[in-house]
Amino acid sequence: MQQKVLITDCADAPGLITKITGVCYQHGLNIIKNSEFVDNAQGRFFMRTELEGAFDETQFLADIDEVLPPQRHCKLVEKGVKRIVVMVTKEAHCLGDLLMKAYYGGLDVEITAIVGNYDTLKPLADKFDIPFYYVSHDGLTRHDHEQQVLEIIASHQPDYLVLAKYMRVLTPEFVEQYPNRIINIHHSFLPAFIGAAPYRQAWERGVKIIGATAHFVNNCLDEGPIIKQDVIPVDHSYSAEELAKCGRDVEKSVLSKALQLVMQEDVIVYGNKTVVF
Amino acid sequence: MQQKVLITDCADAPGLITKITGVCYQHGLNIIKNSEFVDNAQGRFFMRTELEGAFDETQFLADIDEVLPPQRHCKLVEKGVKRIVVMVTKEAHCLGDLLMKAYYGGLDVEITAIVGNYDTLKPLADKFDIPFYYVSHDGLTRHDHEQQVLEIIASHQPDYLVLAKYMRVLTPEFVEQYPNRIINIHHSFLPAFIGAAPYRQAWERGVKIIGATAHFVNNCLDEGPIIKQDVIPVDHSYSAEELAKCGRDVEKSVLSKALQLVMQEDVIVYGNKTVVF
Amino acid sequence: MQQKVLITDCADAPGLITKITGVCYQHGLNIIKNSEFVDNAQGRFFMRTELEGAFDETQFLADIDEVLPPQRHCKLVEKGVKRIVVMVTKEAHCLGDLLMKAYYGGLDVEITAIVGNYDTLKPLADKFDIPFYYVSHDGLTRHDHEQQVLEIIASHQPDYLVLAKYMRVLTPEFVEQYPNRIINIHHSFLPAFIGAAPYRQAWERGVKIIGATAHFVNNCLDEGPIIKQDVIPVDHSYSAEELAKCGRDVEKSVLSKALQLVMQEDVIVYGNKTVVF
Amino acid sequence: MQQKVLITDCADAPGLITKITGVCYQHGLNIIKNSEFVDNAQGRFFMRTELEGAFDETQFLADIDEVLPPQRHCKLVEKGVKRIVVMVTKEAHCLGDLLMKAYYGGLDVEITAIVGNYDTLKPLADKFDIPFYYVSHDGLTRHDHEQQVLEIIASHQPDYLVLAKYMRVLTPEFVEQYPNRIINIHHSFLPAFIGAAPYRQAWERGVKIIGATAHFVNNCLDEGPIIKQDVIPVDHSYSAEELAKCGRDVEKSVLSKALQLVMQEDVIVYGNKTVVF
């Protein structure tokens, strides 16, 4: 008995739910959970259907394809553990949280490798017997550094790349290798405090709440479809350093919640936005 | 062009979504929004479908009925403004919030009457030209008092009764007149602090969070299906009175959110629980 | 027996708490509550002391003054109800909430007048018998319009001006009449979505949380010391209009919490920030 | 230069702040941060003062003692890293979080030993080179089991004992060995769902929010002074198992926040409550 998730994304049209679920029914599939969304501004239909049964997937997808209008995307995926490569610099909190949750089953990821532009976090990776690749950017052009990193990543064939406080900006050439498959944690409540030193900016502005944003990476820095955001209250007594320290807790919590949504196949990207079912 | 919400609730069975949405499609209806839930523990299927189109409602319901398994409930309702009667004692915050939101369109209710066992809040009702019925319980048996109240309510034919800090316990005889149609705001995060003086109990226990619970009233005091709950952080410096003062903000906010969910036909009651789509 | 709040703000120096509370002790005053904060970055000391007793306030302030280092501010104020004038345009939710809370005692303000550049909200003001001044900006220069408004405000001698969704930008000349005494509610989680149509901006960016910010108004639009911020979670299914509707609940809640802090004398402004005790 | 925290707790009396800070001033100490609280119901004064300077601590405490009224407690402590022993059963999430945060400096604890009544979590302890003591309760009386555990704990001389999902009830004899020094994480928003299987109880009650509570352990099960509580929203679609899974995130987050407060000397216990500065 297979358990699959059907993700459909197409121009809106009458009868789509009936037609799609009708194909499921004909194939003897049990619908465990179903979610739909229509973006009226764009006339676009999104559906996520959890299915259970014994079925011919190729035939099923062909039948689904037949009932859909043009400009359709349609895929059959599995929710649950996926392979990720994590990229880091020096800060341990996000990587540590991912390693620990992966270890005890609190997060459906398999961390197949860690790549760092510093070797600071190698001892942490070692504790969990995850290969750590130290690729210093010292003395390398940006292009050469990224090429080395890309080769390592490619050798692990991850489903997703996770930037767990990786503090270098990726080039468009790098990003386009993994479209909608790179997830970043940004240390602010985007779009507030875009750019460098967001906690210092927050301190100077005297905000009463700080936050973090997990998003897919596209070619615009600090842009890209937002998956998850969260915030915590702060007050005048926090220094910029204390804001940063508090922020770390939100960062790791938001990153891990975003990853879990992605692993569960709850997230559909379209344009610069996400549908999160 | 009608806009309706179809609420379905039946034993779970294969193909229900296809069959129900199929009937919608045959009647030429556009599905604006669709939500399903299966309670696996009870094998029960729930669905809420927002529909748009020009159609014969009686025929439509008959056709829906035909495709459903036994023990089904099925109704076609309208989301939006419904008639409520509000029952109060002396505290103004919940009633005031309902009156104001109803006035400026922040809440989809039409308050057709207010019934108080004190006349404290009559001046507030007068500001908004809502009939206020003062029915003192002084010198009356509980039965006689409730009879007077029930007669007033009946004359207004409300869709729902709202207990906005009405501080008397209703008898089962009263409650059964309006099954799943009486909504109460309870001044605690149920099931914590059941019974009298919850803020004093909370203060004595030294809790760090207080809350409020909006629920349908059934025949067990402080029981009944929960619609909405919310909380706020507090600390050691709050006296019992200050907890109560803070609590008022949560109470009115939770009550009004719960009512909006009910008015939008987002809430299905089953057993002692709710499905809130 | 008087109850007063002593607000002190001066260069940091050793022994300030001892010296200040020592003066209180000498005057036979009971300290109900005491809060201090030192901004180490600026070497500045802030203290708020709730006092109770029978005392000569002039002598007391002179004695306090004597123990403080140079560049000091020091005032004796009363927490509790203060006079405000509210400025509005067309939206009712913030004004309505203030009126209702002022009415039932949920907020320590006395609304002495309401000024609108439209007359939309006059009926609402009338319900609570608050004078409503309709000052259309039609056909007037910005300067002339503001002069008319300033005259009305001056005639009411308010402690604070509250911009409850007043949709016109005030000139520096207006603002400097009421330094740190004008409180605005901004419909976004500042500094995100500065400028026009923040909810549309939020929708286009696909954020997962929206917020509101109450701040003192200074001469920079959307700047000024932040008093209070709050947020609510949203998702992909919200249209820009639905974001705005949800946002209204946060706006009124944040505005009223900020006002209560100011009325309780919990807020000290310094530079572009606030200390909120 | 020493950095210390002075914790004072005594009957309320006039002039206490002046007298206490006066002693600090005489000893040439800089007050970094100061917090006071008076419990008016009990007429009790609490103060926490962060001090900096070079001073004779014994003389300082003697001088403080002299200015305080009877029935006083007064101690000079250091905020920051303290020694803890962690007790566990089988669940990894709380222990894992503590280990990871202790490792990267996100929590000011030194975990000196872990004691488990199962050996399930030994491999996790090994990763961080923390001694793990497996003390099965199989075939032992409760008294004998606890004696073995107490001996191990005593050999590590911890400042605090942390019950990180330790699923056995401690006897009063055990608890009285470490008065106000045992911290437990309870898997519900106390006092809701006291007793066994709180997530199943929550599911049956149909609550819309679940929570967790960190508290000091005293001799009443699920009682004891509350340090920290937090909650997360849930809905009808969660099974009891899913509630438990979500709950784990709140549990570990609340436990670690509570510990940090205790390590920072922000918590004073009195009676069955805490003051958390």
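Order as written gives the chain letters A, B, C and D; numbering starts at 1 within each chain.
Methods note: a contact is a pair of C-beta atoms (placed from the backbone, for glycine too) under 8 Å apart; a residue touches a chain by one contact, two chains touch by 3 or more.
Keep in mind it's a predicted model, so treat the numbers as computed, not measured.
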item	value
Pair with more cross-chain C-beta pairs in contact, given B-C and B-D	B-D
Approximate Å spacing (C-alpha centroids) for the pair chain B, chain C	35
Approximate Å spacing (C-alpha centroids) for the pair chain B, chain D	40
Chain C: positions in contact with at least two other chains	none
Graph class of chain-chain contacts, one of line, ring, star, complete, other	complete
Complex contacts: residues of chain B adjacent to chain A	14-15, 17-18, 21-22, 24-25, 28, 30-36, 38
Residues of chain B defined as touching chain C within the complex	92-93, 96-97, 99-101, 103-104, 106, 124, 127-128, 248-249, 253
Complex interface listing, chain D residues touching chain B	37, 39-41, 189-193, 205-209, 211, 225-231, 235-237, 239, 272-276
